[in-house]
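In the two complexes below, subunit A is the common chain; its partner is subunit B in one and subunit C in the other.
After this line comes the complex of A and B, so read on.
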């Protein structure tokens, strides 16, 4: 029996540890010294998130490889998405300090929950083992179940959203765990690299593996809201406070897609024949349903909810394409999607008034009421629609080129036709904000300092992902995709 | 050099952003300066192109830049100008200046945004014509949509939103399919490449060309617009502000025909030949349909818009004749159309600002009221009709000559189109400018002012120069055109009788 030294490369756990510690310390401080806790905990949380981002750098330089017996893999892809998730969390914390407080929520409480959720997401993007995927998912979800219901004192739909999310989430987790059990039965391991090796070596029972992967796809499909597992998303997004909806649309989707990428594209890449067609069909269905239903929405929050469902479909195209090209496309698109969706939600928040969910009509004449906000909104919408030279286009280009490279031209055609449908409702938002005159009773829009900062962050992020600057991110994503597995 | 040319208007747009909305005159002057600079630079660029490309071997490009952009994907930053793209670049530069000089006075509200959109549009169009890499080409091609969408949607007429959205979606659907085809083509070789000059050498097998050709052709045909895909054009043209119409007719439509010359035909020559008769049929239908609809338009601007459909039909007819005469004719005709129709839109915009009407019935007797304006209008109409000595003649003559070598019937039908063009334009001219003065409003209309005249001068010069010295322009484009023609594997004159019969069926419908 050979002796292996304990494999504890702390660099790999550093970002997650910092984020977790930040959450706990913030919680303790706000309980022990309640006076002035709100401001202090916000600044402390932001500091902690920044520290965690710095903590990613050693991992990017030393490339520790699989650590803790392969449980954590802080490879370049994980670093890239961790940075995005940390940034998104920071933006949400900033927004929460302004908007959730209006809903009667304690700022420290929101900051702690958001940070804990972030810790779970970081686990998910760097998971090297199915168990870690599960732990990360649950940490993230538990925090989100609470967050979704935070506005319950003011708005009863918030309670409904939380309950719906909890019940359906628990249901989906059942599928996930059951799937893990099947995969374990088929391959004899929960370690993703081990699973990959067994599949490549032909040592996996194909029937069990297929069932296990199908169940995993359903479980994770719930989290990223792939059609037909998307039913919860619009209601939960609409009921949850907008800050939390933004956090869900960006954080959960990016983290869960990275988990999907690791499980399917990397570990089960050898058994692509058993899942590729299923993922491709789910992608087509998701893009079609998401975009078509979004056409009929007048509530901006629901519209963005369906738009984020549709974007899960685009990401699934990259998953179905497989290979390094598909992984690169998913990584790049995740980052681009993160910034533009978050930005759209920030604009939504800025337009939100006391007890009123913003409707399409509220956008009328935004060009006159607040030119900068209108310009930002138009940028995000064109980016989401995938019009060059903005970030969404580069992402779609990668996705479609991955699909074409994989020989899946019909999938590529479906993707572009769906994005043509999508252009219609994104354009409608621009039409309302630019080409229609403001209503007579339209209130002037003023931006709070926090909103301004959050908006600037999202705008800069989107522009950095756009042509020509986005080409750097594109190469980085390519490099990270090559270093996967 | 080309990078500078593309970035110049964009830089101007960025610098304009820092000015406030209230400084109208300063905004206009600054924008004018940037477009003037771009215009002068583009003229110099074209003069250099004439030098380099006349009598040069095929695919010689002036100001060529070629640097890897995304090496893993074979994307290169490849720009260059030849006799075809150079001419269009010059046209873009000139029209940019014309737009700012002649068509901004009518913009009452949001002048800053208007000028910014116009400058960004100019940048994107210049990029389309300079690009020799499909990725770069696609980025600019689609980027054109955003500023044009705002120009129509924010500063257009009453039905501007409908027109803007229709324009955007129509074009987008076509281009998205082109994106798939473009990627498909790029991944055919051992190494993925988007460089056009490399792709020219890796020809696809004839039976694999069909679908990608159709995808490209759809995108370009929508832009041109070829007859069944033309419905966005009358709306967009009529609702767009004057500057938008000038850019739209002058250069935006040329992106489609240019796409056929630069990409669709040389990349998929077998497929182009295979589908050639269809395109010829549609082109002739477009010529006749556009002319007939233009004949009955009560609105001057709509009349000019439908005349575009007819004129672009000539361009397509020339291109799909697949002989040097037709190709050259199509090439020069697209430029002629850009100049003369751009000028028509400019002039129509001027009377619209004065009278706030474009209905032919509201005018009459303008010749006595606005003598100078009327003479300029007459010059433009004659250029558009194809009077020898002015620009329209050369193109139409070459196209008809080229088409007649393929099929006499087609040429005859297209010839009817020429006659109709003379009919609707001159009839419109007669109703608007001759006869008794229609009303007191018309009597109060002042003649063309000096700044307005200044905006018209470059176009008038182009009309005359293109009409008197066409050989200079044709010679510069000849190497490329000859090469394009050689790519098309014309064997026996098999396609000719077939064209005739299809055409008869097409017309019978």
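After this line comes the complex of A and C, so read on.
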């Protein structure tokens, strides 16, 4: 009997290991030395996240591709999204150090939970095995269940949001695991490449496979809030602290879409006939419902929640289109979406007052009250609406052309029509902040240093994804999509 | 030896019971129990398929799934206790602060 030593390519595990170690050390230090723990844990966490971002590079250079028996795949797509997720986590940690602490939350606790959630997300984007998808998803989700309820001492809705997220999240996990069981039953393997090979070789039981993929789609659809599995999203986003809502809107969605991409486009690409139509219908429904309901919202947080649902629909267009073009579109759009949505949430945080969720009316005359903030908000809204030459336009163009290339013209038409609806509510926000007079009792807006840094990071990110710099990202995403397997 | 088909049928039954429980029952703890039933149905399916294929992957997955479910319960019960302290109830219908 021949013995093969296990494939321990530790470089591939480096980013996640650094992130996990950062969380644990922060936790220990804050318990052992409580004096000055708040500031220290924030700066230590930011340092750890930066270190992990650098740690992505050796694996990408020296030993790309699958390692640990195919469990972990640190390919270019995983590196790209890992960098985005690390950046988003860093921004959220910065914001938490200001806003969550204001809500009476321990800074070290928030930093540890955000970092642990990030470790789960990194596992998800580089998962090569259904088991890793599951563990990554749960690591991320359990951290987020706690985060959603963190502000419960001050805000009653926070606990309620946490419980809703927990119950529906766990319900979705049930579907996900049952789906994984059926995919395993159909193909006899949990390894994504092996599953792909068995499907291509005709060795998969089609009935079990179809059931498994449908259940997986429901489970992951809950996490990314595809209609009709979106009911939790607006409530949870509104009840959770805004910092955490931003983290959910960006981190969870990006990580779960990468998992969807790996499971459906890459592994189950050979069985596209069994899932493509379902994903296309979900995409159309999601774009339609997300955008139409967003039109009626006056609470800015709810509006952003529905906007993020609508964006899940756009991303699903890329998923349904399939192929390298679809994967490229999903990768590019994930990065672009991450920066612009995070930026919109940062503006929301800057406008938030104690015990008051910002409404559309609170934006009146923002141009006079804080010109820079108004300009940043306008940039994010134009980007989300997909106005050229900003990042959202490039992303939507990629998604729609991928759908057309795949012969899914009705899907492309639906995406165009829905982005036209979306332009209305995004531009209304700009109109309120630029063309309405401020209310008499409108308080001046002041930005904390952390908010300014976070805003600058999101703004730079959005501009780097926009024309002309975005073309680099576009070709990088294309290269990463080509290397997906 | 129970044939895998029978085990699979039992797991489908349990899963259906779990889903029904989540949708029908209003007590948070019972809803949570139903979710656990769904997860255990999946574990059973993994074992049945594992026997069918003769590999260890399915049984391996079950171990991870049990650990994750335990972690989820630990956090979940904490949240339920926090909500109970505020509302003095664990009825899903009492969670009505957040609405469309």
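As a working rule, the second predicted complex is superposed on the first by the 482 of 485 C-alpha atoms of A that agree within 3 Å, B and C clash if a C-alpha of one lies under 4 Å from a C-alpha of the other, contacts with A are read in each partner's own complex, and residues count from 1 in each chain.
Everything below uses one rule, namely that a residue touches a chain if its C-beta (ideal position, glycine included) is under 8 Å from a C-beta of that chain, and two chains touch if they have at least 3 such contacts.
Keep in mind that what you see is a predicted model, and the values were worked out from it rather than measured.
Participant: Of the partners subunit B and subunit C, which touch A:424 in the superposed model: first, second, both, neither?
Facilitator: The answer is first: A:424 touches subunit B but not subunit C.
Participant: Look at the residues of subunit A and decide whether subunit B or subunit C touches more of them.
Facilitator: Touching more of subunit A: C.
Participant: For A:469, select first, second, both or neither according to whether it touches subunit B, subunit C, the two together, or no partner.
Facilitator: The answer is neither, since A:469 touches no partner chain.
Participant: Kindly classify A:68 by the partners it touches after superposition: subunit B alone (first), subunit C alone (second), both, or neither?
Facilitator: In the superposition, A:68 contacts neither subunit B nor subunit C.
Participant: So in the superposed three-chain picture, is A:156 touching just subunit B, just subunit C, both, or none of them (first/second/both/neither)?
Facilitator: So A:156 only meets subunit C here.
Participant: State whether A:171 touches subunit B only (first), subunit C only (second), both chains, or neither.
Facilitator: second
Participant: Would you check which partner chain A:413 touches, where first means subunit B only, second means subunit C only, and both and neither mean what they say?
Facilitator: After superposing on A, A:413 lies in contact with subunit B but is clear of subunit C.
Participant: Does any part of subunit A touch subunit B in one structure and subunit C in the other, and if so which residues?
Facilitator: Subunit A residues touching both partners: none found.
Participant: Please name which positions on subunit A make contact with subunit B in the complex.
Facilitator: Against subunit B, subunit A makes touches at 367, 382, 387-389, 393, 397, 400-401, 404-405, 409, 412-413, 416-417, 419-420, 423-424, 427-428, 430-431, 434-436, 467, 471, 474-475, 478.
Participant: Taking the touch rule as given, give the residues of subunit B at its contact with subunit A in the complex, in rising order.
Facilitator: Within the complex, subunit B contacts subunit A at residues 69-70, 72-73, 110, 135, 138-143, 145-146, 149-150, 153-154, 160-161, 164-165, 168-169, 172-173, 176-177, 179-180, 183-184, 186-187, 192.
Participant: Going by the contact rule at the top, pick out the subunit A residues touching subunit C in the complex.
Facilitator: That would be residues 130-131, 134-135, 138, 141-142, 145-146, 149, 152, 156-157, 159-164, 166-167, 170-171, 173-175, 177-178, 180-182, 184-185, 188-190, 234-236, 238-239 of subunit A.
Participant: Would you mind writing out the residues of subunit C in touch with subunit A in their complex?
Facilitator: Subunit C residues touching subunit A: 8, 11, 15, 18-19, 22, 28, 31-32, 35, 38-39, 41-43, 45-46, 48-50, 52-53, 55, 57-58, 60-61, 64-65, 68, 71-72, 75-76, 78-80, 82-83, 86, 92, 95, 97-100.
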